[in-house]
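In what comes next, chain A is part of two complexes: it sits with chain B in the first one and with chain C in the second one.
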Partner chain A sequence: SGSNFSTITVCRELHEMGFHVSHSQITRLYSRFTSLDKGENGTLSREDFQRIPELAINPLGDRIINAFFPEGEDQVNFRGFMRTLAHFRPIEDNEKNKDPTASEPLNSRTNKLLFAFQLYDLDRDDKISRDELLQVLRMMVGVNISDEQLGSIADRTIQEADQNGDNSISFNEFIKVLEKVDVEQKMSIRFLH
Partner chain B sequence: MVLLAISRPSLASEATGNGTENTITTLPIVIWKWEEIHFPYLVALWVLVSWLCKLVFQLNPCLTRVIPESGLLICIGWVLGGIIYGADKVQTFRLQPFTFFFYLLPQIVLDAGYSMPNKLFFGNLGAILVYAVIGTCWNAATLGLALWGCWLGGAMGNIDTGLLQLLLFGSLIAAVDPVAVIAVFEEVHVNEVLYILVFGESLLNDGVTVVLFNVFDAFVSLGGAQIDAVEIIKGIISFFVVAVGGSLVGVVFALLISLLTRCTKNIQIIEPGFIFVLGYLSYLTAEMLSLSAILSCTFCGVCCQKYINANMDERSVSTVRSTMKVFANGSETIIFVFLGISAIDPSIWVWNTAFILLTLLFIFVFRFIGVFLLTWILNQYRLVPLDFIDQLVMGYGGLRGAVAYGLVLLLDENKYKEKKLMISTTLIVVYFTVMLQGITMKPLVTWLKVKRAAVSERTLAEKIQNRTFDHMLVAIEDISGQIGDNYMRDKWNNFEEKWLYWLLMTPIARKSCDPIFNIFHKLNIKDATSYVKEGERRGSLAFVRNESKADVDFNKKFGADFSEMIRDSVPSVCLDMHEQDLKMRESEDFDAHHLLQQHLYKGRKQHRHRYSRKHLEVNKDEHEVQEIFQRTMRSRLESFKSAKMGVAPPKKISKHLKKDQPQKVREACTFSSFPLVFITILLEFLINLNLSPGLAGIVNPAFMAEMDTMDPMPPMQQIPSWLAEAEVDSSNMVPSQRAQLRLPWTPSNLRRLAPLCLSTHSNDSFLLADSPATQEGISELPPPPPPQDGQGQGTHK
Partner chain C sequence: MYISHLWERQCLCCCVNSVSLSIPLPHSLSVSGIIAKELSSLEQEIQELRASGTTLSSEPEFEMADIMYFCRRGVESIVDDEVTKRFSAQELESWNLLTRSNFNARHISLRLSVLWGLGLFIRYSFLLPLRVTLAASGIGLLVVLTTIVGFIPSGWTYLSEKIHLMSYRICVRSLTAIITYHNSENKPKNGGICVANHTTPIDVIILANDGCYSMVGQIHGGLIGVVQRAMVKSSPHIWFERSEVKDRHLVAERLSNHVADKTKHPILIFPEGTCINNTSVMMFKKGSFEIGCTVYPVAIKYDPRFGDAFWNSSKFGMVNYLLRMMSSWAIVCSVWYLPPMSREEGEDAVQFANRVKAAIATQGGLVDLLWDGGLKRGKVKNTFKEEQQKLYSKSSINATGWPLK
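Let's look at the complex of A and B:
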């Protein structure tokens, strides 16, 4: 249960992961974690997330909830919770000159893009197919766009990104097509103290 | 003039009745009427002269690369001012404050608001407000106090001024000027965050400037003794009232404009005008209520742009955009020219070296100090901190301009004994910032390696991904339980979608204002127009076949359905081919179109459908063209040979006809609006050539390829179905006489579509145009050559 949890331990673990977060941030997020954890067993299930009202009206709500749960599991503990949130930390300047042999931090540009990529790629085949793209588009776009138009939009998007002509977007193509986007800023939030 | 002269005698005769000295003894044919029209004439002439100045220095492009346009305009102003002064011995033309504030400034501000990138602006609004409010107050206070200290110390000699007057002077010269910022920064292209911070600051600091100016002016009138805590508190309250009130006036007018554009569907011709009138009224209303007029106009433009762009027709939107730019740029030009002219006037110059130099120094120094201080505070709260280089540029970009000059002219000479000194100083400061800082801005930006604006175009993928990011961030904020920017933005978006769209936008606009769809639509239009340009450049437009992926299936939908589809799938296409034409000639032309579409030579344009740089293979196309050309030449030779030898039996054709089935559909373009566009282009073309309906499937036999000799090139194997269906009677086919007699000798000539009527005299427009040349040809027309199999098509590319 929560009382066994030492935030210092978590802090150390997260630092090892490359997630440099302050004590106060961890404490705050831990209290949020416990408030979501209605079952009080130290882990969150999908239902716990779904209880957050705003997520229900978010087009990508379910997929993001999914992103918290590792492959095949139904519960996520605090470590996993923080691990997912770590993707959204802003990239700090002092991290840019780190030891190159260390593993890439979770909030690096590539890892951020990988997180975004996996939101589309549900079947984990490392490719965003036209259908997968259509599903996401349908969720995000208004109801006034017809299916045919949506299909054209999806086709055009794939055409913009696709370089090897397999009519789907691989992760490298995904990175390439977004190379001009300021991912570091667009996919970061300031975690309040 | 003649009409006026003629009407004059009647006036003259009345005048004589009144006993004025306008007696005439004979009928004047032409009269010089300068006095009556000199005012509008001078205005128009000055506008023309100012705008011509722009032309003058464009002749020397090296000059414009070094010195910003505004600087050059000021120089030309000096020259002109010198000429006028030399002629008149007094400066008859100056920049009057009333003219400046009411006729020249509003359109610049309205344009700034209307073309403001809203997402960026509101995203950085906190930082902008900090710089605008706190920064300007800091600048004003420090400058005023520093000058006062120097004055007390006697550095300036004997000038009749006081603390309050110097504070007033500080407040009017402290503000960063929007006109100057636009003029200098638009040529430098720094990154968008930096630009929006400086630009937003220059617009929003007007609230502070107005308040400080009025407050200190009132204090000066009241006299130092009567300033107590109450007055100071009133001053602070007035700031809030003026700034917030001005913004509210702007928002109210924005709502009015949006509501109005909801109803102007039937008066599209004058629709754009409303924006200008109401925008101007928002400026004047705020001015009337002594609120901040610039803030009002800015927020009017900022708040209404989304709704009016959605409500109005695309043509109106582009009209508004262009006209705004004309007005704004024109005003800016006039302002700078007159800033130059106004300087050539000895009566305003009072030179006090210490005052002027100290002002320059303090402006510069305190600007940098202010920027660094405020940025240090802001960086604690920003997601992406501003780095040192950006701060340097921001400090350097604190340009002063015409607004300060206009304000200083408004001062009352009786209260401000040193008004002339202030005017001189202001002019020097403006020249310094616009010219010196303007010239050095670009090299500085390059030298400091400031991050520049990204020049690339937005792709659809980026836009979709940005949306995804937005949703992601909102979800993460919800999960982590914090209320951040994204949460607020999301809440605002939901509110807007639920209420504001319903109130302010027409139902049609509501449907099509989805940003992803918008950028998709814009990209399609861009592709279509560049396709048309490309096609025209090569001589004519290609015909496209896209049955597979067309969202509009022409096999099924003819007639009335078609117009519905046009309306639904594309809101409005900016090409000149219009729906009106289509509606009038629907059914017949669709049959024609359908047949043509199926059977005309598709050619290499098929490759080009994707419009992606990766897939464009030009060499292959040239190779194709050459092949076609060679093939055609060969077939012509054959046809002449066979003409001499007699008509070849047509059954050769039928054999081939059965052999080839309609080509399998090639990879066609994927845009749903593409078929539409090409259909319109095609129809327009056909209509212009006066095709009679039933004979749509015509081909120029001279252009047809010979089956035997050709390589199996896919596009060429299509057999026109009309050729297959009809009993081919070769005597009905008249080859283009022009082609027979005068062989086209370059591929470009080849590409002209020359469809023929199946009758002995051809309606071929080219033929008609060439009729003298072909007169003799008619008499010696050889029997028509056997229609060769293969595909006919004359044109491509």
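Let's look at the complex of A and C:
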């Protein structure tokens, strides 16, 4: 049937990307994808994601949803859905499938950090400005922290991270700040069977 | 017709007895989901992030890594969340030979296909016509007899009880519902309210098969309206006009008056307000728990292997649903009558409702959720997001003692 064909193709593509997910996992995730796809047109819109109550109450829900959509697009297909989820596969699974010629897998430490970096980087210009940091902070705390305190927090954070003096945080500076954080554990989801 | 039905019932009873009706584990403990979810709280996770952070001050305010908590939680909920799956039929581990239960288009061998074809033949050419005839007779009898009894001025309680019970029994037969009632000593008594988890309109028939209840609901047009108007002639059911349904004060008043009269049967209410797929119990609306009478909780659990009873009202209309029910193998369920509960000192209606809900969930082996069944159709309230923001602010940023706004 049609769905079986597309899951096999997606499986192969993901393997090439270094995302070694089992066929049964893809089937389950495809089933999840179709259950979210209320319009039944093979793609998900932002509204489809917002219908998940636990995501709707997540303070950073909109930023996370945004990560699934490529620049300027309003629909994501199953391939794109899996590609984004691929970032969250645990890193230790890569050991079994070590292929020196393959490109860096989507779930490497660097790519996980890039995912987190892009949650802050609202305009996708590869730097986190003070303004962007403030906006994201405001999303996380709501009305509970005053503008002054939030401003001082943003200033302190940039001061500690910024090394080249441009008053914003680049991706390399971001990596340095988080070098002691157990990114592998914090940004991984254990898929069953 | 009677003899063939007996045979059918015996066959199915044998099947049921040989496969024990196991109570499934609550979802958070099972591994049948897609992912293994972390059960740690926001505070715990923020602490862990702090421990591996880089700030030297003794009271760190904010870490850039904090975002990872929300990020992972968000993606986990995209892959598998607790709410949206409650509004569609439960997925089975193994196939029960009904096409409608075949979710993942898994490969079906020739032998299985033959079995399925045979099953299809039996179900549609034998079981379905039999059941439809029975159902029609049951409903027809209900309408006719209750109207007749309505004309008899006295002695009608006894007769009307008998008529209602008989009609419901015929309806139960027409669905081939095999029901096991547990703890019948706790059966609801007059002057109380019976609350149960809601999966399908058939819940009413399942419970009314074993006792007399007063129903509560909106009066409809069409065939259902005819049945409702006939029923109320011989027994004091509580039907509301559509306009009256919104008036909570009026509803509460009519319910209170009903329970105050000890000659009237217990009221049957489904506090979830909507059909859920029988894997969980969702938020109970507090209206019925404010009245102040004894509450008799009842847990209903359907065995999905013989036929999925859940009514997905956004997918199927009522007639379509009933036909699907009548062409399944059987409706097998267990009903547990729980000990009566009353509101305790210092407990408000919401806490009482949650206590009753927890008791029903535990008995039926269902997941106890705080989420509102109304999320089937509506959006979640913003206050929940605000709570998350407040929690984060308190546990991480406010450590330096700046006052919260």
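One rule holds in what follows: the second predicted complex is superposed on the first by the 178 of 193 C-alpha atoms of A that agree within 3 Å, B and C clash if a C-alpha of one lies under 4 Å from a C-alpha of the other, contacts with A are read in each partner's own complex, and residues count from 1 in each chain.
Definition applied: a contact is a pair of C-beta atoms (placed from the backbone, for glycine too) under 8 Å apart; a residue touches a chain by one contact, two chains touch by 3 or more.
This is a predicted model, so every value here is computed, not measured.
Under the clash rule set out above, the superposition-derived model of chain A with chain B and chain C contains a clash between the two partners. Looking at the shared chain after the overlay, A:T43 reaches neither chain B nor chain C. In the superposition on chain A, A:K180 contacts both chain B and chain C. Using the contact criterion defined above for the overlaid structures, shared-chain residue A:F191 touches chain B and also reaches chain C. Applying the stated contact rule after C-alpha superposition, one finds that A:L137 touches each of chain B and chain C.
After overlaying the two complexes on the shared chain, residue contacts for A:R51 are found with chain C alone; chain B is out of touch. In the superposed model, A:T27 makes contact with chain C only, not with chain B.
Look at A:L85: by the touch rule set out above, it reaches both chain B and chain C. In this superposition on chain A, the options for chain B are 311-319, 473-481, 671-679 or 689-697, and chain C clashes with just 473-481. Residues 29, 32, 35, 49, 52, 54-55, 57-61, 64, 85, 88, 116, 119, 136-137, 140-142, 144-146, 149, 153, 156-157, 160-161, 177-178, 180-181, 183, 186-192 of chain A lie at the contact with chain B in one complex and at the contact with chain C in the other.
Partner chain A is touched in their complex by these residues of chain C: 31, 33-36, 45, 48-49, 52-55, 61-62, 64-85, 88, 103-105, 371, 375, 379-380, 384-390, 392-394, 397-398, 402, 404-405. Residues of chain A touching chain C in their complex: 1, 3-4, 25, 27-29, 31-32, 35-36, 49-61, 64, 85, 88, 115-116, 119-120, 136-137, 140-146, 149, 153, 156-157, 160-161, 169, 174, 177-183, 186-192. Chain A contributes residues 29, 32, 35, 49, 52, 54-55, 57-61, 64, 68, 85, 88, 90, 116, 119, 136-137, 140-142, 144-146, 148-149, 152-153, 155-157, 159-161, 163, 177-178, 180-181, 183-192 to its touches with chain B in the complex.
Remark: chain B residues 383-384, 454, 456, 459-462, 464-469, 471-482, 484, 486-487, 490, 494, 510-512, 514, 516-517, 520, 523, 549, 551, 568-569, 610, 612, 614, 670-672 touch chain A in the complex.
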